[in-house]
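Shared between the two complexes below is chain A, which pairs with chain B and chain C, respectively.
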Partner chain A sequence: MKDWRYWFAEQRGTLLAFGIFVVMFIIYTSNHPAGFTANVVQTASNKGVLLAFVAMAQTLVVITAGIDLSVGMIFTLTNCLASWLVVGTGLETAFGVIAVLGTGLLCGAINGAIVIYGRLQPIVATIATGAVYFGIALLLRPFPGGSVNEGLADALTGRLFGIVPASLVTLLAVVLVVWVPFSRSVLGRAAYAAGSSEMAAYMSGVPIRRGKFAAYTLAGLLAAIGGLFLTFFTYTGDAAYASGNAYTLFSIAAVVLGGVSLFGGKGSAIGAIFGALAFRTIGDLLFVFDFDPLWQPLFQGVILLIAVSLGAFALFRVRNRLEWFL
Partner chain B sequence: MSETTVSGLAGRMPKFLRRADPAVLTAFACIVLLLFLGSLYSRSFLSPEYLLQQLKVASFLGVIATGMMLVILLGQIDLSVPWSVAAGAMMACAAAAYGPVGVALAIPFGIFCGVLIGVVNGIGVAYLRIPSMIITLATNAVAQGLMVVYTGGFSPQDSATGAMRYLATGFAVPGVPNAVLIWALIGAAMVFVLTRTGFGRTVYGIGNRERAAYLSGIDTRRVVMIAFAVSGGLSAFGGVLLAGYASKAAQSMGDAYLLPSIAAVVLGGTSILGGRGSYLGTVAGVILITLLQSILSVMQMPEAGRQIIYGVVIVAMLLLYGRAPASR
Partner chain C sequence: MDGAVPLFRMEGISKRYGGVRALEKAELSVTPGSIHAILGENGAGKSTLIKVMAGVVAPDEGRMMLDGNEVSFASPAAANQAGIVCIFQELSLVPELSVADNIVISDPPKRFGMIDRKAQRRIAEEALARAGASDIHPLALVKDLPLSRRQMVEIAKALARKPRILILDEATSALTAADVARVFAVLKRLRSEGLALLYISHRMNEIAELADQCTVFRNGRNVASYAAGTKSDNEVVELMIGREYSHIFPPKPARAAAADTPVLEARSLSWTDRLHDVSLSVGAGEVVGLGGLDGQGQRELLLAFFGVLRGLSGQILIDGRPVAIASPAAARDDRIGMALIPEDRKTEGLMLPMTVRENLSFAALDRLSSAGIIDRAAEQRLIDDMVGLLAIKTAGLDIPVGALSGGNQQKVVIAKWLMRQPRIILLNDPTRGIDVGTKQELYQLMRKLADQGAAILFYSTDYDELIGCCDRVLVLYDGAVKRELVGAEITERALIASALNIHEEMPRQGADA
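On to the complex of A and B.
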């Protein structure tokens, strides 16, 4: 009984995000002209998974009480790189995928090195590295174009057994391969500990630096997986500043919706995934209700504003006014 | 009465420290170095016309960075700059379409819209205790949404009023562009507020430790709210000037000002954690960023190379003097 309550308290944010997503998705599909069909689910999951990967990347960094404003740009950079490399025969494609993921890891490691060993503030440091990554993306693809191994792309954005969207399966695989081992490892616990109280973690001999460095590096990897998926989804590479920026912004929104505390040490990537899926579904609600697409940015902005304001309810629980000032 | 002695002491201390701030000196040294490197490339980099032109371009960024600095001094950040700039510009131009009254009220109305965005930010940060990075991103998205709905997704057709053009491109004093004059006035006001008024001291106090400022009997929430409102207003005013300069507003005109305004403030030695920094440093940062952008574009560096150099320079300079103290 006690264990069950602890688990519930720990997962409250994730469960809330899951609940929001389910409600929104039911509203979405029940009003969709085609209804709840495999096609609708496939399209929705392909769009949602892109943001889910970037949101997972953001989660890893946010858990350490940092922020990565370059995730969108790593996403764009790896998209451009994949449009050059992930082509040709099976072996060439495999090497291309490895190179793209390696680039993501490298970008994340650079962020981590600058923030942790260079001791710069994550906000400014990642804005600056984001500019560099975007510059490289622009060098690779001054104009949208390129191609991708279409067999692989169709396999990963299509359906398994005619029903299950392959993108969701990939997302699940990434969660099992990256997130679950990380969050259960010493490094993952160090990342959580560093986010919740860096001083206490340091005093207890927790390897906070290695934990934070691993979090930033894996964030780069996850953003690269997202970029790879974007290439599979669109068949092209495009160095679009607005889209990279939007993904950074939406990843923060998804993380907040997913119950991850921006002060660090609380939340999980699973919550952020449901936050991302919920955010995408809310954004698409306008289309099924036949609104003018012009209203979409405003609608998404208002949702974001409401979502972040919900956190203010915690103020009612504050007994001592000094707790206002964290 | 005890408050005056305490704040008087606090007012004197940073001023003394500021005199010898190595960050400001480094920033000015970098400006000289940039000019020297530029002059090796072309003589015209040292001509008064070129320098005055750069100062004029810098003044738009200067006005926006002034608001950003006030917020950063509090230990917060304002990421709603892009669409505060665009909203200020678009609303001022929109007001101009409503007859002579609209033309007269164009500039105040544009600034008012920016203040409104800032007040929403301020309420979120000060009263709802939402992290500033998040609430300002959200208001930025809402402002963008409102502007997209208003303009229908295209650049608006309304053009800037004569007064806006005069402020941005005219010459009230021969030889000195009005934009530079406006930046100087706003800068002087900011220096006065930061160093000579209780409000300014409170800003530094909150940046150092909001809890302590609150316990000293300061209504810290009101101060934070005012600072965000001022930042929003100054961003919008920057947008109004930019619209006057280009004679119309454009969809993404503010995007190019978020990173530079933060970079200018931080390169000028203001701590991103708040509580430390001088306006002189911000001036140096603004000029440094503008010169860097200008030299890169004169050398016909493509956009990609400019972004890369820009990011690398910011990281390198911060590694030189913007590092946090070694842990323990």
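On to the complex of A and C.
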């Protein structure tokens, strides 16, 4: 009977992100010269899902109270790899997709192994592995180029039944196949528990290490799905350093907007997806109002600051000042 | 022993932490269908004993037998599998997860490889009902529950694991009176179902009501086992006493009754559910001790003086004038002149990777600098004075303070504050984990500072120190001062008896906020 209230409390961050996104998107489309048309929605969603995939990846790691600064580089690396492999006949393309996703898994697993078994701090470990992944990407694509199976690319970035953006459907499918099982599995719960209170989790016999390892590995997979999509979207591979770094930082912004706690243990990838879509929409708002694009970073930064400040209000309730530093 | 076959036996268990002996050839046997109480003062080895049983720490020597077979536990999970479940004093709940998630956390029910939420809900509701806590909603987040409710969740979580041996370590300390009654009913039912229960508590009335068998620990050994009700409270206190009294304390000066205004005074301090109406005063040149069992509000009291707690009610007076101390920075200000030597020097006292020099001058930087620039010569003079005064043994002032021994680290913490010449010195269990030689130096220093006119408030978990150092001791229980011992009244017997609140068996009050 009161169940819905607990559900609501748990989903508050996600619902807030959803709300921000809807408001921003309405402002965006109502001021867009073309209005709310299938075309506008398709373009917006194609741009949005790229960040959404990377933000989902970041969420998994942030839940364990870690951070993954290599997600953007895995995204770039798999983009370059896809521009070599996801070509040719149907069978060859399928093999290419599997190889790209496998590479993402491997990158994530390496991150996880270094952080968990090597006991390195996530921030340092993933800066280093991120540089390695980017280095490989650069060797694969010293200059932008390559190609992709255009039939597949057009199908996944086009529209279903003329209305629904296929990229959104793919995003939904990934949520159902990766996120939902993870969040309901023992490993997923172990990841949450480790992020919330690693000591309590250990004392309760929770498989902390396996949970964290699964989170890092799946993060690699999700970043690779993002990289694959980037290739479908651009038809090329490009080892662009600035773009990779931007995706890493934006993924953290999206995660925070989506109500995922950087202290770990709290939040959901669904929230991060809406956070990513909202963040993208905020960035695009300036264009419909004919502002100079130079204003975009400043504007995005201010909106982000306001959003994350909301989370700091809890500190006013602390009665023992030492708890500020826990 | 009443002749029943022991379910679990510990034989010759020893455990050392560094140079400290926590357990020394301890023995214990547990029979099914009984409640076994473990008694002992602070540091007697109770906590280590159950940590060994629950697989949290590995013993250095000795063996454990379950059903007559030797066992050893590599982790808490291994002990759980063998049917030994412990409800720890420090809660083992994951705050961001729901009550139901927490209850099944060790072994969630699964369906198609995923956690079956319906089954989980059912298990959680059953366990909560068994624990007599059906009022707790299974979907509530643990972090949103008050402490007493969390404790009930902890009990439900333990029951959901179907234990054969259930260990309760101060499990009722956070509970309200109504909860205690319900928990007792549950424990008695579990006993009749054939479980073995191990009950660690310092509440003598609870032990009298519940226990079948009692074992007293002292200095890491079990010194006596007896059937409950066969010994008086005084005999039990007698068994708990008996640590070697070491003559390492400086003589106390004879004191006339303090006539002048106290330097530090508290009137009716209360804070959440941890401090209740605490009043005390400390005069110039006086060493006042805070006694009682660990965790009865002593730490919070010191933090309250030092401006760390918010929402404090009551009054703090310095030199007879009411003051509002808003932060540690305000507390150390010259008008108040307060210093706190914290309990955990590694996190609250020192910046371990920084040098001895930097650590020493932190608290006095404002006095050593003008226009924000540190006067290196003045700093050096003051540091030299302090290193000499406290005889800090260090290979140099520019090595990381983390490289020093525990005793010398503690001296750095103290020296740091002495550089400000504080008038009021609060000490929070300052000798924990340091060697005897350094302890002796600290006792002498404390007395010297008092003789120079400082007012000292000294919390210690070591009764010997309170007896040896203090002019007066206030014994705290449940966040309130229960007894004041003056001069010759400060004896181990009086300290233990009042720490256990034996003299006046008051009806317990709701501990809930």
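By our rule, the second predicted complex is superposed on the first by the 326 of 326 C-alpha atoms of A that agree within 3 Å, B and C clash if a C-alpha of one lies under 4 Å from a C-alpha of the other, contacts with A are read in each partner's own complex, and residues count from 1 in each chain.
We take it that a contact is a pair of C-beta atoms (placed from the backbone, for glycine too) under 8 Å apart; a residue touches a chain by one contact, two chains touch by 3 or more.
Predicted, not measured: the structure shown is a model, and the values here were computed from it.
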Contacts of A:202 with chain B and chain C, given as first, second, both or neither: both
Partner chain in contact with A:320 - chain B first, chain C second, else both or neither: second
Partner chain(s) touched by A:92 [first = chain B, second = chain C, both, neither]: neither
Contacts of A:67 with chain B and chain C, given as first, second, both or neither: first
Contacts of A:150 with chain B and chain C, given as first, second, both or neither: neither
Touch count on chain A, higher of chain B and chain C: B
Residues of chain A contacting chain B in one complex and chain C in the other: 202, 321-322
Residues of chain B touching chain A in the complex: 77, 124, 128-131, 133-135, 137-146, 148-149, 152-153, 210-211, 214-215, 220, 252, 255, 259, 262-263, 266, 272-273, 302-312, 314-315, 318-319, 322-328
Chain A-touching residues of chain C, taken from the complex the two chains share: 56, 75-77, 80, 88, 91-98, 101-102, 105-106, 108, 110, 113-115, 117, 137, 139-141, 144, 157, 271-272, 300, 303, 307-311, 327, 348
Interfacial residue positions of chain A with respect to chain C in the complex: 2-3, 6-7, 9-10, 181, 184-186, 189, 192-193, 195-197, 199-206, 261, 264-266, 318-322
Complex contacts: residues of chain A adjacent to chain B: 67, 114, 118-121, 123-125, 127-132, 134-139, 142, 198, 202, 241-242, 245, 249, 252-253, 256, 262-263, 294-302, 304-305, 308-309, 311-312, 315, 321-322, 324-326
